[in-house]
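In what comes next, subunit A is part of two complexes: it sits with subunit B in the first one and with subunit C in the second one.
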Partner chain A sequence: MDQLNCKTVFEVPVLGGISESVVVTWIIMAVLVIASILLTRNLKVENPGKIQLLLESGISWTNDFFEGILGKSNRRYIPYLTTVLIYLGVSNTIGLFGFKPPTKDLNVTAALAIMSMCLIEFSGIYKNGVKHWMKHFAKPVAIVAPIMVLEIFIRPLSLCMRLFGNILAGFVVMELIKAFVPLIVPIPLSFYFDIFDGLIQAYVFVFLTALFMTEEME
Partner chain B sequence: MEALIAIGAGIAVLAGIGAGVGIGIATAKSAEAIARQPEAEGKISKNFILGCALAEATAIYGFIIGVLIIFFL
Partner chain C sequence: MLQFNLNFLYTIINLIVLVFLLKKFLIKPVTNVMEKRKEMIEDGFRKAKEAENDAMDLKKQYTDALSGAREESARIMAQAQKDARAEYDKVMQKASEDAGSLMESAKANIRMEQEQSMNALQSQIAGLAMSAAQKIVEEKSGQVKDNQKIYDEFLEEVGEDVHGSDTEK
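And then the complex of A and B:
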């Protein structure tokens, strides 16, 4: 049961306690930064290597995917969404290496959802102007305005709860199984709960963010 | 009190029934749609994943309420 709590690892004098999820996030950040520096060295136009081809196909897949949702004119949001996708993909599957996934902490998913909320509203305001943004609350009929205003906060809440709940549920189930049958049985279940579910949730998070942005930019 | 908390958490997880039925229906329909029109598989599976994510949210809410009941009551 004490696996569920988010422990405080150490204390920093001014900032207060640093929790486990922050430390794991730092590790992920370091690994991703080093990996991206190492992988993007020696990029060539003529006869590219295997790694470069792999990178190019991955980047073009994400670019096509987001462009299909957001449309050609909103390419500027793609790098942020790709970054979130990579971070979530790594952090959801990091249970394989014996770390606790940082997305198991409600604070991490809440921070990501608040960033998504800001981006969704910003994209709407940037595209159509403040006036149109204020008007769109009363779009079909004026009486739905309170519900439309609530929707600003409900969308990030459901994004945050979906990610947190899925990862926590997978984590709890895996811990229970490991406690009951430590041998062999966890392996196939780990494929589902650690790899498949984590990647699907990362995909769903950025997919829904992009979808809400298109909705807002109409 | 302990027993009541356990029963409450169990009842909260009953929310999973709805999500199970909903995702089952969605899967059946999407399989049918792909069988009818295999060339539209990309669009269908994209919508299917979106629908599953939205339907699954209810089960997740039930689970979170269950965890909250166990830990904070």
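And then the complex of A and C:
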């Protein structure tokens, strides 16, 4: 039970308690940025190295993936979605290194979901204007307007809870297995709960965000 | 486990910062390099296409020039043959004409010559007859001479005349 709680690591006088998940996020951020700087140190146009090829294929995969969903004219959202994908991928699998996944904390998934919500609505307003955005709630018939309005909050809520629930459940299951059978048995299960489930959830999160954005931009 | 607090806000700030950092350090450089490579490849393709088009143009020009030259040479050959034939015909015709006129003039000359010699002969014969008659008259008038001598003189005279007319000719 102790493992499930998000401990407050330290207190800052004005800002209040800084929780474990925020500290782990900092660590992830630092690692990601340092890795990026190291990996993109000498990129070559001709004769790229193996690391560069790997990086390029990864970036071009995400670019193509999001471009396929959002369309060519909405490329400006791709960096955010790519970043969230990388961050979620790393934080969901960071349990392998003995950290607690930040996505196990409701605050983190809620923050991600709220940002997705802002992005979804912003993209719709930016693309079609406020008027169209106001009107689209009453489509196809005016009576669905309350449900459509509710959808604004339901979407991020489902995103948030799906991620949180999956990661928390995986974490709990893994902790229980580790407590009961600490030898060998956790290995295959860890592959499923820490790696597969984590990456799938990261994929699903950004995929749904992009999908909702396209829906909103119609 | 389910507490909801200010860490929510910190995570949002963290995320925004992370988006900017990754954009600057990871996505931009890699995308730039990929775009540069794409540009380079497209440039290469474009250049190759241009070079190919140029080569095709040149080839077309050469073929045109070659076929033109071939036609020209054929034309020149035909013209030369025609000219040569015309020249040949002209020369042949002129030669035959010349030969004809030469023959004509030669014939005319010969005829004239013949006539002249006939005339000369006639006048000589007349002369001879005259001189023979004279001799006979002289003999008859008493200046007796040997018959043999008369013949000799006569023959001498005739021979001189014939000889003289020969050399004259």
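Here, the second predicted complex is superposed on the first by the 218 of 218 C-alpha atoms of A that agree within 3 Å, B and C clash if a C-alpha of one lies under 4 Å from a C-alpha of the other, contacts with A are read in each partner's own complex, and residues count from 1 in each chain.
We take it that a residue touches a chain if its C-beta (ideal position, glycine included) is under 8 Å from a C-beta of that chain, and two chains touch if they have at least 3 such contacts.
Computed from a predicted structure; not experimentally measured.
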- Query: Will subunit C clash with subunit B on subunit A after the two structures are superposed, or do they fit?
  - Reply: fit
- Task: For A:45, select first, second, both or neither according to whether it touches subunit B, subunit C, the two together, or no partner.
- Result: second
- State whether A:63 touches subunit B only (first), subunit C only (second), both chains, or neither. second
- Query: In the overlay of the two complexes, what angle sits at the CA centre of subunit A between those of subunit B and subunit C, given in steps of 10 degrees?
  - Reply: 110
- Task: Name the contact category of A:110: first (subunit B only), second (subunit C only), both, or neither.
- Result: second
- Partner chain(s) touched by A:137 [first = subunit B, second = subunit C, both, neither]: neither
- Message: One more residue to check, A:99. First (subunit B), second (subunit C), both or neither?
- Response: neither
- Message: Looking only at contacts as defined up top, I'd like to know whether subunit B or subunit C touches more of subunit A.
- Response: C
- Could you tell me if A:82 is touching subunit B, subunit C, both of them or neither one (first, second, both, neither)? second
- Task: Would you sort A:18 into first (subunit B), second (subunit C), both or neither based on which partner it touches?
- Result: second
- Message: How many Å separate the nearest C-alpha atoms of subunit B and subunit C in the overlaid structures?
- Response: 8
- Go through subunit A and flag every residue that touches subunit B in one model and subunit C in the other. 4
- What residues of subunit B sit close enough to touch subunit A in their complex? 46, 49-50, 53, 56-57, 60-61, 63-64, 67, 71
- In their shared complex, subunit C is touched by residues of subunit A numbered 4-6, 15-19, 21-22, 25-26, 29, 32-33, 36-37, 39-40, 43-46, 48, 52, 55-56, 59-60, 63, 79-80, 82-84, 86-87, 102, 105-108, 110-112, 114-115
- Residue positions on subunit C within touch of subunit A in the complex are 1-12, 14-15, 17-19, 21-23, 25-27, 29-34, 36-37, 40
- Could you pull out which subunit A residues touch subunit B in their complex? 4, 158, 161-162, 164-166, 168-169, 200, 203-204, 207-208, 211
